[in-house]
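What follows is chain A paired twice: with chain B in the first complex and chain C in the second.
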Partner chain A sequence: MNELVFFINNVIIAGSVTGSIYAIGAIGVTLIFSIMRFAHFAHADMMTFGAFMVLLLTTLFPAAGASIGVPTALVMLPLAMLLTATLAVGIDKAFYKPLRVHGVKPIVLVIGSLGVTLMLQGLIRLFSGTGGQSLYVDDRKEIFRLALPFEGARAPIVITEPQLYLFVITLVAVVALHVFLNRSRLGKAMRAMSDNPELAQASGINTNTIVAVTWVIAGGLAAIAGTLLSLDVTFKPDLSFFLLLPIFAAAIVGGVGHPYGAIAGGFVVGFAETLAVFNWNVLLRPFRDSLPTWLELPSNLAFVGTEYKIVVPFFILVAILVWRPTGLFKGKVIQ
Partner chain B sequence: MSLTMSSTTPLLEARDVHGGYGGMNILNGVNMALQTHEVGVIVGPNGAGKSTMLKAVFGLLNVTQGEILLNGQPIHNLPPNKLVERGMGFVPQEKNVFPSLTVKENLEMGTYLKPQNVKRMLEQVYAFFPPLVEKRHQPAGELSGGQRQMVAMGRALMAEPSLLLLDEPTAGLSPLYMNEIFDRVKQINAAGVGILMVEQNAKQALAIADKGFVLAAGQNRFTDTGAALLADPDVAKSFLGG
Partner chain C sequence: MSNSTETRDPTYTPRDATPARRFPVREVVLFGALMAAILAVYALMGAAYSTRMLVEAACYAILALGLTIQWGYAGQFNAGVMGFVALGGFCAMLFSVPVNNAFWGTELPGELGRVLLYGVAATFLVVGASRLDRLGVPRKLRTLITVVLALVLYLVIISQLREVTSQIQSQAGFVGGFGLPAWVGWIVGGALAGGVGYFIGHVCLGLRSDYLAIATLGIAEIIKAFLKNSDWLTRGTATVSPLPWPTPGPAELGFTLSRAIYLSITAMVIAVIFFLLHRAYHAPWGRMIRAIRDNEVSAAAMGKDINKRRLEIFVLGCILMGLGGGMLGTFNSLFDPQGYLPLNHTFLVLVMVILGGPGNNLGTIFGAVAVYIIWIMSEPLALFVMELIVSFGEGTFGWDAPNNMDSRALQARVLVIGMLITLVLRFAPKGLLPEKIAHHG
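Right after this comes the complex of A and B.
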């Protein structure tokens, strides 16, 4: 029974947390690709920027959350989303739009976004320092322990307060995006432009408006992903940058340009990571007596060590590009 | 005087239009005039610049010399979305639907600039293309070629254009659908929409044309009524395969 609890804590909950963050990040990447047709490498640092804005605002007004009983960081999240969206629109105007107007190849935009990522990282480091800082400036991180009503289940299921918020906010963001894309006039125009940009223009859709809306959504989602990640662990200026590979793997696994695919891809990569580093020895322990005696189980039966977790999305990425380049859902093939 | 001027101002007029892609001229002086009640058809051999001329009218091509007028107003080098605002509709030959959007969503995109008209125009377009009604919640990418052409024309009609540009609307369709599309074109024109279309099926197209423009090497070779062009032995010999 305790082994099952261990599995729930270390795979189900941990995988959902990682998967949610990858999913929200991958949705942004996939939306930008579907409208502007380039891989936006600065996305991870937009996430960091969003989290940093939350950190700044929380430090400025540490008591804002206490009055309504939620962490101050969450109260500041909408404002940080707005700031990150503004930054995203500004970056597009300053760096990507001039390139687009010249009709450059997508690879030039990709390299441009690498430049933006270096610039953002430098800027954030300049103001935040290089160390880690908790987004819980003035509040305490609640930890919930749910005891299972079974006999022999001594270990509780552990879930922290930011993880609960993470699940709720992910769900809300996904539902809101679904409604926007399928019900609103602007959302449908966005899908139309993703399908066929020339025809969208021939229908009178102002493509500049759609591009701006895409950046607003991508910036807002990036702020959510970065903040939720920093709430779960701590804020570090390079925290999100290391998520770039799994996020791109998630977007490609799901099928590039496919928002629902990005969600699925996020959870596939998230769970693959947690399953790969999970110590399977724990689950075999109850059956130890019935195993043949010549079989000696090593104490750690994980596929890869935690420190090599990053190879998992890398492997998934290579595998999907080799065997199914369009992704799980039929997405666009990056050329 | 001004009254008589306006009554004779063509819906669309092209004067000595030159243009092409990337410095290479494909159009070398095309002239056209079309009234609202007319169907104009552009025919000619491959590479004559037929589709290029249509794209020039819709602002998808840089016009380097000459001018294009809509209701007497110069429009060359205006972007397509501005031309849609001025009452022009364009149905490209290929990629003329949004494949992942449903039929209904495709049509809605046609009234993107006038969302208040969506309901009224949807009813009109469904009445005009009844086969689309039962397919309305299906992605347009799953439809047959003929149904896609209906969606594409329907999307353009949703904006209530005064001039509709069609690029080879019958390309790749079976003869049955081909006649259906030509009938529809005549009906749309009868409802007060000027039509300018490019066609490979020159004989059938000229048969419904009020004006025919035979292009060769980016210039008008023959310009006359559709019936006169069909009867002209020179046109028949060089462009209609005997």
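Right after this comes the complex of A and C.
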């Protein structure tokens, strides 16, 4: 029974946590792709930027959350989302729009976004230093231990406060996005533009507004993902580097330009990562006595060591590009 | 009919229409300025330091030539130059470092060989299982068998490998080298980088160009993670040094002279690459590559095998990156997997290429040397500016600066590189020495 609890803690909970974060990130990437048709490499740094804004605001007003009983960082999140959205729109105006107007190939926009990545990284490191910092400035991170009502289950299921918030906020964000895309006028216009930009423009949709709205949504979601990830672990300026590949893998697995696919892709990549680094020997331990004697199991039965975690999204990416380049749900524009 | 034969120039022969010869003002001015900058660095920093800078710049020029083939000739964007450079550096280390008798004298090489043979056998088994449907096994069952077999065999092999490698690590430290001349390592490094490039290109080149950027970014991080964590092969974070040079080292000839000899070798390599690329660019092959870059559809309509040509050029670029990485690694005389940074080995090379002129070999070499000088000189400059800001802040507002200002000043260079990339793309997308497009007409 303890083994099962171990499995739940290390795979189900950890996988859902990473999966949610990848999913929120991948939605942003996929939305930007479907409207502007390029892979936005600076997305992970917008996440870091959002988390950094939360860190700054929390350090400035450390006691703001105590009065309503939530961590200060969460109180500051909406403000950080606003700031990150503004930044995203500003970056687009300053760097991407001139290139777009010039009519360059999408790959030049990709290189431009790499330049933006470096600029954001440089700025964040310049102001925050290179070390890690906790977003819990004045509050304490609550850890819940749920004991299971079974015989022999001594180890509890461990879940932390930021993880609970993460699940709730992910759910809210996904539902809100769904409603926005399907019910609101702007959301419908966005979908129209993603399907066929020329037709959308010809039918009177203001494409500039749609582009701006896309950046606002992507920036806001990036701030959420970055903040929740930093709440769960710590804030580090080089956070973005370990996020970029899994997020792109998630977006491509789900089918590029397909927001619901991105959510599924995020969880696929997140669970694949945790399953790959999980030591399967733990689950086999209860059956040790019933195994034949010639079968001597090594103590480490993980597929990859934790240090090679980045291999997992990469191989998912390669596999999907080889067998199903359109993604699980049919995405668009491959050529 | 007769009219047209009269107007036709009888001396005309069909050839690649190179632009009419003119005096290359821009080239002369830019290279003159570069020369002046190099002389200034020599006067300021001394001969040994400046020669080192030049050798490193020359190695970067090889990397930049590799990238200019991919990006300039063919429009493929490689965001993982670092990985190929690291592979080259690793091969240079593996082939040139002296033989480790604590490893080869024991039964460990046999053990390692046995596990590797098992690995090969397992691969054959899995491939065989994936062909089971030809024997009449239903396809779904075949897929299931293949996947389960692959997972189980993989676990068996990897756990045996873990055992052997940890034994190597505890008994012999690391595998050691082969004790061969460094240039063997450079060539193998180029070949290995080309092989990895082939794999990536094979997967991605038929798809949107963004996918290549994502995949190369990923493979670079994977190569780095592998080299960093395989202590049995590379000593990981403990680093390997010194790597023997193919030329007399500083201990025999002093710093300046030995570095100058190394510089002449790198210059020779660049000259050979430059000559070959120049010929290839003006050959029918080069025209075909540019035709594919500029208009894929019509090139395909002319019967060109687009994906094959693309793969060719991508692999060629990767080979050059591996070669340059090997030369750089040997020159530094240190193999440190953690020293490979995306900023230094990917984005710096990118800036060199897009600033110098993608698709123009001369421009690329100019960009490589110029940007490297700026990069090296920016370090003391950044520290100086930061010091100035800190002392100004302390004097005027009584601001007590955090103590890690030095590392932050170096981070400011990240910002500058990023800004440079976006500005060049915006205002000088063809670089300082643009590619000369031949016009027929």
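Quick notes on this structure:
In this text, the second predicted complex is superposed on the first by the 332 of 335 C-alpha atoms of A that agree within 3 Å, B and C clash if a C-alpha of one lies under 4 Å from a C-alpha of the other, contacts with A are read in each partner's own complex, and residues count from 1 in each chain.
Here is the rule we go by: a contact is a pair of C-beta atoms (placed from the backbone, for glycine too) under 8 Å apart; a residue touches a chain by one contact, two chains touch by 3 or more.
Every value quoted in this text rests on a predicted model; they were computed, and no experiment measured them.
When the two structures are aligned on the shared chain, A:V282 is found in touch with neither chain B nor chain C.
Applying the stated contact rule after C-alpha superposition, one finds that A:K188 touches chain B and leaves chain C untouched. Of the two partner chains placed by the overlay, only chain B lies in contact with A:I205; chain C stays clear of it.
Looking at the shared chain after the overlay, A:L328 reaches neither chain B nor chain C.
Counting residues of chain A touched by each partner, chain B versus chain C, the larger count belongs to C. Of the two partner chains, neither chain B nor chain C is touched by A:L4.
After overlaying the two complexes on the shared chain, residue contacts for A:V158 are found with neither chain B nor chain C. When both complexes are overlaid on chain A, the residue A:N196 reaches chain B alone and has no touch with chain C.
Those residues of chain A whose C-beta lies close enough to touch chain C in the complex are 38-39, 41, 95, 98-99, 102, 104-108, 110-112, 114-123, 125-126, 129-131, 241, 244-245, 248, 252, 280, 298, 300-301, 303, 305, 307-308, 310-311, 313-314, 317-318, 321-322, 325, 333-335. Residues 185, 188-189, 191-192, 194-196, 198-206 of chain A touch chain B in their complex.
Contact residues on chain B toward chain A in their complex (touch as defined above): 58, 60, 79-81, 84-85, 90, 92, 95-101, 105, 108-110, 112-113, 115, 155, 159. Only residues 75, 77, 79, 151, 154-155, 158-159, 162-163, 203-204, 207-211, 213-215, 217-219, 221-222, 225-226, 228-229, 342-343, 347, 350, 354, 402, 404, 407-408, 411-422, 425-426, 429 of chain C touch chain A when the two sit together in their complex.
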